[in-house]
Each structure stands twice: as C-alpha cells, then as structure tokens.
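In the two assemblies presented below, subunit A is common to both, partnered first by subunit B and then by subunit C.
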Partner chain A sequence: MAILDKNLSLRNRNKMLVGVYEDEDNLMQATQSLVDAGVHVHDVYTPYPVHGLDRIMGIRRSRLARVAFFCGLTGLSLAITMIWYMYVYDWPMNIGNKPERFTPSWIPVMFEATVLCTAFGMGFFFFWRNRMLHGVKNEILDLRQTDDRMIIAVETKEGMDEKSTLDLMKKNGAVELREFHNGVQTTL
Partner chain B sequence: MGHGHHIEIKQENFVVPDKAKRFAIILMVLGLVLTGVGMATLGGSSSHSHEAVAESHAEHSDHAPATEAHSEVEGHDHQAAEAHAEEHGNMENEQFGPRAGFHAEEKPAMTRFWANLLVVGFYFLMIGLCALFWIAVQYVANAGWSTAFKRVPEAMMTFIPVPFVVILLAVLVAKTDLYHWAHYEHLHLSAGDAGYDKVLDGKSGFLNSGMLIGFPTVLVAIWYFLGRKLRGLSLKEDAATKGDVSFFKKSIRFSAGFAVLFGFTISIIVWLFIMSVDAHWYSTIFGVYNFISMWVTTISIIALFVVYLKKAGYLHLVSDEHIHDLGKFMFAFTIFWAYVWLSQYLLIWYAHIPEEMYYYQIRFEDYKANFLGNLILNFCVPFLFLLMRSAKRFRPLLVTIAVTMCLAHYHDIWFNVFPGVFGPGMQVGFLEIGIYMTFAGLFVYWVLTALSKNGLVPVNHPYLEESAHHDVGV
Partner chain C sequence: MIHDSIIRERLVTGDKTAADVTRDIARPILNQPSTAWKVGFTLSVIFLGIFAVSLFYTLWTGIGVWNINKSVMWGWDITNFVFWVGIGHAGTLISAVLLLFRQKWRMSINRSAEAMTIFAVICAAMFPVFHMGRVWVGYWALPLPNGFGSLWVNFNSPLLWDVFAISTYFSVSLLFWYIGLIPDIATIRDKVTTKGAKFWYGLFSMGWTGSTRTWARYELISLILAGLSTPLVLSVHTIVSTDFATSVIPGWHTTIFPPYFVAGAIFSGFGMVATLLVVARKVMNYENYITIGHLDAMTKIIMVTGSLVGIAYLTEFFIAWYSGVEYEQYAFLNRAFGPYWWAYWSMMSCNLIAPQVFWFKWCRTTPWFIFIMSIVVNVGMWFERFVIIVTSLHRDYLPSSWVMYSGSLTEVGLFLGTFGIFFTCFFLFAKFLPVINMAEVKSILRNRE
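== the complex of A and B ==
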C-alpha cells in the first residue's frame, strides 16, 4: 500500500453525505448509531482530538510505533557506522589514551542519533501518511471543521438508503446536512 | 470508555483481606528467620571476607602509585602536598582512596547488620518521600488521570517515620564504622598530625555528626508535616460538599511548596547518608541518581498496589488505561535511570582522575557480577519488556517486571553503600535478603492498614470524573 494513503483522499469518490455537528457528545452518538446501522463512515473531522471516537469508528492501532522502531534502528546504525569510519577506520584517533574499539564514549552519540532519527522519522511519516505533508493539496470538506464544527462524512454506495442515513444523522443532533460530490457542496 | 458513557462514582471501604495480612506476616516472619540465620553466621562470614579482603589487597597493590599521584593533585601547596602524600603512602588501605585508619577487616561483625539497616531504611524512606512527591507532582501539574488511585501513594507516604527511625538508629549506633569520615572526626586530628586528612578536614563543616543527625531530622520532619497536611486535606475533602474546590486549591499550594523544597533538599539527604560512605569521592549527579532509582521503584510499587486492589475487587474507577500509564512511567524513568547512571559513569570513565576512579574501580573489579547485573536488571530487562504495549496492559507481566525493579533497585542502593563501607568481598546473603523481606512485609502491612482506614476513592476531588474517563487511545 502506498504510504500516502489514498483512502483518506476525497478525490474520485462517490457522493458523500455530510453531517455537521456542534457538540462532541452528539457527534459520538451519531457515529455510534451509523456504525451500528452498518453504514461505512468514511471519516470524522474534528478541530481537536475527541477521546473514544477512534474506538467507535473501529480505527486500527497506529503502526507509527513500528515506523519509529525502524527509524531508531536506522539512526543507531548510522551512528555506529559514522563513529567507526571516522574514529577507527579512516583516521584512528588517540584521545585521552582511550581504546579505539567500542567504548562508553560512543553511547551518547549512538543515543542522540537514534533519538534524532526516530523523532524526525516519526514526524515525517506521520504527516506523509495523513496527507499533511508539505506540498500535498489540502482537501478540506468544510472550513469550519478546523474551527468549531465537527463533521461526519459517509460515502454513498450503490443501493444504499440515503434517506435513512441522513435521518439518522439528523436524529442525533446534526445542525446541517450536506452533500458533497466532485468538489461541489449542496446544502440539503 | 468514552464521553457520554456514564460511570457511577461511589465510595469504597477497603477491608484488608486475611490472605493479604497472612502474606505480609509470612514475609516478616520469614525475613526475621533469614535475618537470624544471617546474624548467626556473621562471625563466620566476617572471617571469610577478611581473607577475601587480604587477597584483593595483594591484588591491588599495583594501584597504590595512582592514589599517591592523586594526593599531589589535591594540594595547592606542592611541598605540603608531597608531605601529605608521604604520610598517606604508609597507609596500607590507600588503594581505595585515602581512608586513614579505616580498615574493613577491623570493623565489628555487627557493622554489616547496621549497614543493612541503613540501606533498608534509606530505601523505604525514599519510597515514602517519592510517594509524597508523586502526590505533589499530580497537583502541581494539574494532572487528573491519577486521581482514581490517589489514596495509594497517600497511604505509602504514611510509612515515612518508620524507616527514618531505623536510619537514625543505625547511624547513631554504628556511624564510626559505617562512615570513615565519622571515624576520622572521632580522632580529632589537626593540621600537621600524623594521619591528618586535608579533604575530610575541609568537608567537616558540612560532613559532621551534628549535620548527619540534625539536618535530615529537620528536613524529614518538614516533609512529613507537609505530607500529613496534604493527606489531611484530601481526607477532609471526602467529607466536604460536592463541588467545594477550596481543599483542592489549598492542596496545590502545599504541593508546590513541598515540590520546590523537596527538589532542592533531597540531594542533601543522599549526600549525608549514602554518598558520604565514600567521603573523599563526590559526584554532582549522585543525588539525582539515587532519587530516580527510588522514584521508579515507587512508581512500580504504586502499580503493584493498584493491580492488587483491582484484583481484590476495589478501585472500580481504575481501568487498564491507568495501569498502562503507570507502566509508561516505569518505562520512561527506567530510561532516565540509565541516562543518569551513564552520565555519572561516563564522565568519571573519560576523565580518569584517580580520586574519582576508585569509586568505580572497586565496584567494577571486585564486584563485576553486581555491577553488570545491576545494569542488566535495572535497565535492560525493564526496558526491553516495557517497550511493548502489551506488557504494560498485561498485568501478570507488568507485576513481574515491577517486582524485578523493586528488588534490583534495592540492590542498586545496596551497591552504593556496601563496597564503600566494607571494601571488596561482600555479597548479598541471608542477612540482606532477610532484612529486606522483614521491612517489605512491614511496609505491605502498614500500607494496606492505612488504605483500610479511610475511603479508597477521593469522591469529591474535582478531577475524579476526568480520571474515571481516562483513555490512552487505541
């Protein structure tokens, strides 16, 4: 799977049903009822993290930890290679008559390089995977989702009961219902 | 557990189960038996260690010139320094740093018992203090998640006076055998006398018997007063009306005062009781190192009590999320312990100044298994296991690691004291294990009793609701 997640993109999608919410409790209830009704929720956009939403939506555990591990491993190997090349192989140095082979003085460099690569790597892959990397076009369903509104987006499928889905959103406190298709929004 | 999901908050009254009481008493009795065995064999083991000491003295005689060189470095006046070095050159225990007239093999056999009391007293004193510091940190940081099990560190804090009395007892009875500076002080030497020690004389303004007893007593009294105050406020809050935040606000003020005072003064206790065992040696990071060692132990013990209470059917507001976060704390401070450990070791290793080196020289060359084992059990094992998310959420594994850390950090403190007091040739034996078990049993009994005296849930704490809904995410 491409690292830049196409699943998160809004381009080349079927018509989206959009519910706008003002309150996070309503949002959670709405999401829960949609999931219970067997509707596939494309995504929920909130201006701040809402605890428990990830569980309701059934989002799998992030693989960022594994990415971090390999970034750290890269940093560690980089540091060992660098110190070994500079200090042992290319130009052996005698500092304070310490041995050239692996010594405790290598550890801070190894530690720092590991931490540096882990931090940068995690930042980079997090933004890349979430389509927030510099240069990736912003795809925002509704500008207010970055301010004070929360938005549920449901992608329509063949044979889906749009009416009852919209009713479900409305019933759980949606303040606005919209449709989104090919970049055009219509208020319902 | 998400928002909107209602959690009923009710008070719980903990009754110490007979099984737990029996466990604590068995621990104490077994500990006393082992202590008895250890005491009975003290004479024998003492003569054995005498041989070991003599042997390694012979082995180490080649290090003597290095320490003489160190004496030269210290004196500002070169000639005086030379005379100083000559005087010291005659002392046969020069190898482990200059310690005039302080021979491990000449100490009474009972010294080992008193040294053990010092270690065990320091260990549990620091656990009580760190538990108190935990409470203060939660208030100062405005942390809500830990409120649900707040009574556990509060109960641990009440143990403070017991280990402190034990330390005072050990120090009052055996200070001249435990601390070579106290022995030196006892000799009343002045400049020019044979055996005069410039370094110890220079430190005597701080490092003297009055300070050793007086300063910690005053400090512990103030800390304990603040601790009782915080616990009192917390208990009064239970009886107050719902929504009354005056106790909470007052607690923040006391916590801030305590945290600042404790942060500045905890090192002094460590210098006086532990670092002065090697009175010529010093390390600026030593206070932090000992504090962190005990801080991570305290968090492990909090986790153990929380898991136990949960298993016994209490703490209905605590979930896997809280235990997971305690595991994260254990993991984080394990790394920090290793960081501080390495910082101290690395600087001394790199500078290679004899007066600093002898601290690690004796610990590395005569106690290699302890030195490496200490590092493996305190860092490698908890680090590698706690790295996994599942280890922090799977209670049997978390408990195993927490117990390992408690024991290994006890060894850490033991290892700071014993090679300094006795030189080479000591090892963990029946006495060490027995005394540790006795106090562990007493501690468990004490804390469980303290927990049973008041409600287990701080029902009117303003952050209790937040704590109940604590969630670390998928």
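== the complex of A and C ==
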C-alpha cells in the first residue's frame, strides 16, 4: 500500500467543478446530495474541521492509530534492548547492591522511549500520508479556503452530466461556481 | 438535525464570523507591532541580558559563584528548575487532558498555553544543565559510548530518568504544538503580502490546503497525541518528584510526592496561564475570545489544585508526626518554626489560603483581581520548592554541619534572567504566530449541540 495519499494533489487531473460555500450546513447538504446523486466528490476544503464530512464523502477511517501502536512497540523494544545491553551485558554495574537484571527502575526510561517513538513515528507517517513537507507547493483553489470559505471539488469524468452537478451545488447554497483545469480557474 | 444551543453560553462572544476570527487574531501578525509590544519586548530583552551576564560570570568564574555548598547542594537552581517545569505542565494539561475530556473552552487558550510549556521547559532545562558546573561535558548524561572504560549511565537513578523525561516532554510538546499550528500558519500564508513572509509561512505550512482527508487524520493524530501527552505530563513531574523522594533526606523521603508535585505543577501552571492571558486579552483585544467564562473556569482549577496542594502539605505534616521518626518530625517542625519559617508561611498563605477566595464569583470574574492572585500563586509555588529543597538540606543529620543558605546575586540574576528568556520567546510568538487557535475557534463559533 502506498503511504502517500495520491488524492491530495490536484495535478494531472481532469477538469474540476468547484463550488464555493459560506455556510457549514449548506456545505454538508450539498456534499450529501452530490453523494446521493452518485457524483464522486473529489475533496472538500474547509478552514476548520467539519465533523461528519468525511463520513458523508465515504473516506475510510485513518489507520494512524495502528501505526502509532507499532511505533510504540518499536520504542519499547529499543529501550529494553538499550538498557539490557548497557546495564546487563556490556558493563554490569552494582549500584546500591540492586540486581542488574530487570527492575522497576527500568520502567521510566522504557515509558519515555515508547512515548517518544510513538509521537514522532506517528508524526512522520502523518506528514508522509498527507503529502506534507517543508517546501511543498500548496495547491489551493481559493485564497479564502483557509479563512472563511468552503470548497467542494468534483472531478469530471467522461459521460458525466456536468450541468446537473453544478445545479445541485447551486441549489444547496453555493455562492460561486467555477471550473478548474490545468491550473486555470474560470468562474461560471 | 443540528440546533444552536439555547442553554449553554457561547464560548466566543460578539457574534463573530469565521472571517472576523481570522482578522482579529491575525491582526498583530499582519500589522506593525504595537507600542505595548515594543515596550514589553524591550523589557524582556533587558532581562535576557541579565541572564546572559549571570551565565557568563558563572561559566567564566566557576560554579562557586553560586552560594550552594554543603550541605545545601541544591538551592535556587533546582528550585527554579522545578518551578519552571511545573509551569510548563498547565499547557499540556489544557491542550491534552481537556481535549480528552472534550472541554471546548480550552480552544481559545490552548495555543498560548502550549507555547508557554515549550518556553518554560527551555527555562527549566537551563538550571540542571548549568548546575553541572562543567557544562561542556553535559553530554555525559546521555547514554553514549564513551572513552572511559565503556561505563554507561545509571538507569537506577531518577536524575537519568529526568534526562529522558524532560527531553521527551519537550520534543513531544513541540511536535504537538507545531502540528496544531499548521492550519493557522496556512491561513496566515494566504493572508500575508510580502515575499519574505509568504516564503516563511509557506515553508512551515507544509502545503496545507484544508482537505477533508487531511482534517480527518489531523483530528485523529491530535487525539492520539493528547492521549500520549496525558500520561507523559504525569510521568514528567512524577519523575521530578522522585529526584527528591528516592533520597533518604527527611522531608523528601515521602510517597506522597508524585501526586503532590503533579497537583502543584498544574496549580502553578494555571497561575502563569492566568497571568499571561489576563494581560494578553486586554492588550491584544481578545476579550471576545478569552472571555470571563474562560477566566472563571481557570480560577476554579486554580482553587481545586491549590486545595489539593494544601491537603498534601497537611498530610506531610501529619505523616511526619504519625511515623514516629524523629528526623522526619524535626524536618517538618523546622520548616514551620525554624529559621526559614517566613518561607514556609509564605508558601502556606499563597498556595493554600489565598486561592480560597475563588469560592466567590466576584473573585473569579474580575480580571485585575485574577491577575494579582495569579502572581500570588506563582510566588507561593516558587516558595514551595524553596522550602522543600532548602529547609530539608540546611540541617542534615549532623548538627555541626548545619548552615544557612541564601541565593547569591548571580543565582538571583539567573532566575530573573529566565523570565527574560520566557517573555522574549513569548513576545516573539505573539508577533509571528497566532496566539489563539483560529481553526478550532472557528469550529465553535456556533453553539452546536
């Protein structure tokens, strides 16, 4: 499975139909009616998380939690290996006549290493999956999509009834309709 | 069907729209700095200078310029270390624990509290690092292979746990803060006009577009990071407390220390959050975002944690008597009625008695009064660490080695100087990054239920 989510780039795509919304409720209704009409909604861009939108769009629940678990296991194993190697194998130390095998005093370092690896491992995969890297060009359809506008983007396919799709967007409160193709946007 | 709640009060007042939120919160970033900012920043830099001078003197002359000596090996330095680490904890509490409990009021204050965590941990780290004396061999604290006969670090020591805990805490907090900032950095990126600003905000926004796919994962990673940070923050102060509790010094060797320290950390941290936010909401015109309701909620937490800390003080005293151990009993009597009685009673009155005023609604809802009380809390919590450290050390088992300790000018300078580090960082943060989480605040503009 590819880690990078290919859906996030707008490059090399067919013509996109873009609906601009100002209201969260209208946006939800528009997305729902587009999905009900069998239109594939490519993506919805919002300035803040709109809960429930991902379910309407049929986005699968992220597997990041599982990734986190495995990163945590890695951290824990690394910590145990490190402590055992340094403390038991390479140079056994007698401090306060405490046993050099596993003792509860190992637990704090094991815990911290687990948390560190989970957090950073998860962060790494989060950025990778979301195509986020310093210097990545931001492909935004509207300068205000990070401010107060919400954008529905539908990728056209052959044989698709573009007019009825645009009508559906308009009917549900789109304040503006546009077309986006090869990096050029035209207002409809 | 979604309704606007008619029962709950709005978390953001003034009928703000999403565009208003961006405009209000991005204003300090998009405009020239205000006079208040310039004055504050200059003052902070002066204090930063005091830090630099004190540090230079310490390093140039040697650690002997501090008054620590036997038997008070830890003095202002470790007091300040615990003080700053404690302050940092409220940031994680607000961003992580309140997120897990779905407390939406945290959304206006989490960003600045998290920033406070990071800056406070930087200040805290200065003290154990420079306390080492020969700071250039500070890397010996890390589990690195070395040329002295393969000797490794001691995994039985709480001081080593501290190295792991503080560094993990700092880096995970930084990651949590940065991931939370990305959507807002993207908003600023799309607002700024100059080429340089476009480049820097563009670089740090990592190509953020606000795609629903990304938001879904973003919310999940925030939740998991919150889930991780909660035990992490508890572990950090637990480990700080074991620096004391695993020793055999009367007054330190108590099992109550971990919960007592964690409660104290939250208490002092909220004190600092209140200090900062009461000023910030006024100076930066954020009264509609950080409302009286927020102050009310924070002061309630201050009162609860202050009382928890108070119970811990009383429990310690009781257990010292009940244990029948004369050294323990003497340590506590010496704290309250010995030569450092003034520090003990400052601590008691600032931390246990003073916060009880928050039972009254007027006290919880009057910003200038909360500001004064927050300073009282900070002073009290500094004294708590001073009392724990100095009163236990200055009279050990051997009366012939009993000494009195007070911080030297350099030690005072270093402590004041860390306020310079803290506030310089905070002023820069307030100028270049949004102090309030715009994306999250936009999601709570309507009172949904």
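By definition in this document, the second predicted complex is superposed on the first by the 187 of 188 C-alpha atoms of A that agree within 3 Å, B and C clash if a C-alpha of one lies under 4 Å from a C-alpha of the other, contacts with A are read in each partner's own complex, and residues count from 1 in each chain.
Basically, a contact is a pair of C-beta atoms (placed from the backbone, for glycine too) under 8 Å apart; a residue touches a chain by one contact, two chains touch by 3 or more.
Just so it is clear, the structure is predicted and the values come from calculations on it, not from any experiment.
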Of subunit B and subunit C, which one touches more residues of subunit A? C
Thinking of the overlay built on chain A, is A:I59 touched by subunit B (first), by subunit C (second), by both, or by neither? both
So, does A:T46 touch the first partner subunit B, the second partner subunit C, both, or neither? second
Considering only touches as defined above, state whether A:Q29 meets subunit B (first), subunit C (second), both or neither. first
Let me test your reading of the model: by the given contact rule, A:R11 touches which partner, first (subunit B), second (subunit C), both or neither? neither
Output check: A:K163 vs subunit B and subunit C. Expected answer is one of first, second, both, neither. What do you get? neither
Touched partner set for A:T146, first subunit B, second subunit C, both or neither: second
Just to be sure I read the superposition right, which of the two partners does A:K98 touch: subunit B = first, subunit C = second, or both, or neither? both
Once chain A of both complexes is superposed, is A:V136 in touch with subunit B (first), subunit C (second), both, or neither? second
Residues of subunit A that lie at the interface with subunit B and also at the interface with subunit C: 24-25, 50, 53-54, 59, 61-62, 65, 96, 98, 105, 108
Touching residues of subunit C toward subunit A in the complex: what are they? 2, 17-19, 22, 143, 149-158, 160-161, 164-165, 168, 171-172, 175-176, 179, 182-183, 186-187, 189-191, 202-221, 224-225, 228, 231-232, 235, 239, 438-440, 442-443, 446
Can you name the residues of subunit A that touch subunit B in the complex? 24-25, 28-29, 50-56, 59-62, 65, 96, 98, 104-105, 107-108
Under the definition above, what is the set of subunit B residues touching subunit A in their complex? 1-5, 342, 345-346, 349-350, 352, 389, 469, 471, 473-474
Spell out the residues on subunit A that touch subunit C in their complex, using ranges where they run on. 5, 7-8, 24-25, 43-50, 53-54, 57, 59, 61-62, 64-65, 68, 82-83, 86-87, 90-91, 93, 95-96, 98, 103, 105-106, 108-109, 111-113, 115-116, 118-120, 122-123, 126-127, 129-140, 143-148
